[in-house]
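You will see two complexes here that share chain A, one where it goes with chain B and one where it goes with chain C.
Up next is the complex of A and B:
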């Protein structure tokens, strides 16, 4: 058999524009800094590029199939089994799709190279399964319909299946298509295995079903064989859907669950600092210890430990967010704001504004005090907390014990409606 | 003449020219989110009727290609002009269907007309270079580039990307008509590049 030259395979012609699109999209919207350092989040976020990598897979498979469709008489003389012929036709589509997805992952992970951990294999398998599914879908359409219908339909169905299931209110359906994997994960979260597993089960069974339909009308098959194959394909698609939905039935809109606390590595006393391996850098521990001891020196009673988590702080530990590209300034502010998590500000019938204003002053004061003597820490909080900065500076002119008393009282007022916040003296 | 109509599957073309607007009126109000790289938000909405307006140029390209245009080079009749006239006739049928549906209450019908006129026009403009087989790639690429690169900040379509504008601007229809005039002239006079050679 003479192989067509590679540059005439539609998949390879589509490879370059797809790569360029990935590059442009990631430059415009996704530089990967938000989740850099955490391989699970980086890999999950690369799922957004499925809508770019699946398109050339589906379209090129439809084109290849339409070539076979118009060459029916040639196949009739071929003695090779259907699946060998199909595999020879679709391998460029698969190679292109995998290549584009891999390129996207490499691009997205450029700030993560060298970080502890690795891309979770199950996610990579899920992406591969999803791309196989889209290839088989395109191939099946190309085999059944004339190219003028099959090529646009392949593109459209592939795109719509990814895009529309992403926003459906029936959550398990989102995980069959797989784009929903993109909303994973903060550093204190991990992905439940069910999310990628649902995509793998559905996609692989669906891909087999579509391939069977495509192979159904092969040369001179008996009608019975054709009906059996069609029945088998329908059953597989049904089983895949039911099994996938069943696996994903308990998942919410986002494929996340809290990460195991056992993965935290805790060091030191007063404070004990507990970090996930991705965050565990000497400078983080040094800055946090310094900020903690700065606050301890003011006389403010402190909890004994600092933990990486986005939950509200408890009496025993300050829960704070630490990203991979967090600067010293961010760290100090993040530590200071962990004293007043937005979710704990009491929703009182009166005095809501004073309570928010108190929170602003408290965070400003804590940031200012915690930053003392730390290089590259400005002591200025972020966002609306800045509104309390002027009052916090005038607070620092008071006697240290008065300052602490004011902070303590107003922290209580924030949490408890029966305590009236005091204005800055 | 009958053979000419049959080889171009004229019946099917007319059927599509009627059924695509009907489908458009059924899915009225629906829009599809397409990626956008220049608007500041990753996806922008494109009316579904714009995508359906691609049916006509796509099917015309396929049908004219299927009519073995190489044989046309030996014909004594003016094939290029006839083919162009066939395209315009299908478009006229499509536009009339839209107008009828508009009377019944499809308020997006002018957007459909604008889009189908524009997309057929660009496909005719592409004919001399791309030939019958690949001429339908031109409108597809046009819609793609308009959706991906043709939006300014806030998602407002650029002037050149008028085909994806969800609002009908007063200048859209005249501009589409001018473009169609240019496309029809180019297609009728030049024809696909291989016609008339070998």
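Up next is the complex of A and C:
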């Protein structure tokens, strides 16, 4: 049973606009298809919605606190502990913030439902801690300042803390606010535990510090108690900052690290196809095997395996990106383009245009050949590689051994400045 | 049942001590606390209400001597001169909130709030916003807050200040209707009708108890005068009051 009807609590009044904002932002900028299928990436990317969920938490907590501020004598003789009274005031703010964040995650993950795995608990804990921090921050401001100042300040500080820290060149600081979590992860990457841990440590200690400041002048406290509480709060905030920065000290601008190869599921020989659980679908393996055998039939010497990775391919394996929503056509093109280095051509003093043109023909030819006989595979590459399609079709009219020789030579030439690319015969 | 103040010492920061070894006991019944401005009436009630802490000595309600303990606070209701309004709450919600703050479950506080509002004759205003109440109604709201928690001791600081005669009568009737076993302490400058309202009188001046006895005995000090209460009062605290 609640003391006041929920519909009159500021947090619940802010719930609907916040949900609408999430919906609009999601439709305009972030529909979740880029990282669909990988729960870690989906959950991490939902961190962007902290911008929307933290605001009602901070503002409504400031409003609730300002009410208590003007009713000081009512709580002066309360027999309930200060933290219980505070909790009674801020639970709608927390519930609203958690609700908005959860709604954002559900919205973002709609293309991921049914995929293997689940949202990492540590990230959900980090979001909860961050929202608790913003609520405590708003509440503290509401206790210290009149509402005309505390409410706009709560909104401003909340936004600045999230936004400013995200753009600071001192990377560990980004992880205290938590918005940097949004930069995680490609399918072959995972998140270092330090990234969410830094946010959790700082946010929780910071929330306790702000709550202590808010409770400092609660009732019947001697000045000494008040000073001790203020000192304790400052110490906690300092310890939280130092501990959080220390935990995040080795992190770069993005909270990613290579995913363990042990999680790959490898099947078959010539090629051996190694996929992460999120990508492991029968049709993916079937298409890749067919594309591989198509290229093998041309006489092109091939590496023995295909691995899901964003790294450059090696002599032993073709590394290629495979998303959850990758179509057959995308898959064939992705496999074909894994034959060229991610930077495509070497940075040579001369012959750049010829090398790029060669690369376009190589990828077009590989896509064309790999797609033969595969249903729903157009054999057309993406982007500027399409410029080589006409030449690639001309190339297919040559003797197979001549085609392979041309491809092999020009593959070397585009990465080796001492080798001159040959024009299409 | 008694609210006892023993060897109580208290001083505001950078000021000379207000109380030095103050001893006073408030027992069940209606007690009036008289004294000039600055005598320490409000401070004494705030100390007994647990809002401020004494520098020394003890304040106890029967066996419970920690004024910050939930048990003590649940049994003592203190109403300052200005009754605060919790913004956004209706009259009934504010009374329920008083009860909740004193440790009652919300459901129980809601039931008792209706009885308390009826006793202070605010039932018809229960769904109004508390800030819409007049000064007299606000005092009654504060008393409803004390009643909802079923407090053993009710401490009212200047409840009659600023009230018109009708509101004063109304408030007096409410105080008279309080259960006899409740310790009611009222600080006031209002010395008319003392005998009809209070059974006991305590006079405080410069942090010292000048008189502590029955109201009848207090009024006897001014016996024979046109206004015996005023004469009795002047005999304890000085003529200028």
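Going forward, the second predicted complex is superposed on the first by the 421 of 425 C-alpha atoms of A that agree within 3 Å, B and C clash if a C-alpha of one lies under 4 Å from a C-alpha of the other, contacts with A are read in each partner's own complex, and residues count from 1 in each chain.
Definition applied: a residue touches a chain if its C-beta (ideal position, glycine included) is under 8 Å from a C-beta of that chain, and two chains touch if they have at least 3 such contacts.
The shown structure was predicted, so the numbers you read here are calculated from the model rather than taken from an experiment.
With chain A as the common reference, chain B sits beside chain C without any clash. Of the two partner chains placed by superposition, only chain C is touched by A:71; chain B is not. Contact with chain B, but none with chain C, is seen for A:146 once the two complexes are overlaid on the shared chain.
In the superposition on chain A, A:262 makes contact with neither chain B nor chain C. Residue by residue along chain A, chain B and chain C are tallied for touches, and C comes out ahead. In the superposed pair of complexes, A:224 makes contact with neither chain B nor chain C. Of the two partner chains, chain C is the only one touched by A:80; chain B is not. In the superposed pair of complexes, A:29 makes contact with chain B only, with no contact to chain C. Our angle of interest has its tip at the CA centre of chain A and reaches the CA centres of chain B and chain C; in the overlay it is 50°, to the nearest 10. Of the two partner chains placed around the shared chain by superposition, chain C is the only one that A:8 touches, whereas chain B remains out of contact. Once both complexes are placed on a shared chain A, the shortest Cα to Cα gap between chain B and chain C comes to 10 Å.
Touching chain A in their complex are the following residues of chain B: 32-33, 35, 37-38, 42, 51, 54, 58-59, 61-62, 136, 140, 148. Across the interface of their complex, chain A is touched by residues 13, 49-53, 67-68, 70-74, 76-78, 80, 82-89, 93-94, 96-98, 100-103, 105-107, 110, 145 of chain C. Residues of chain A touching chain C in their complex: 1-4, 8, 66-68, 70-81, 85, 88, 219-223.
Those residues of chain A whose C-beta lies close enough to touch chain B in the complex are 21, 24-25, 28-29, 51-52, 146-148, 152, 156, 160, 163.
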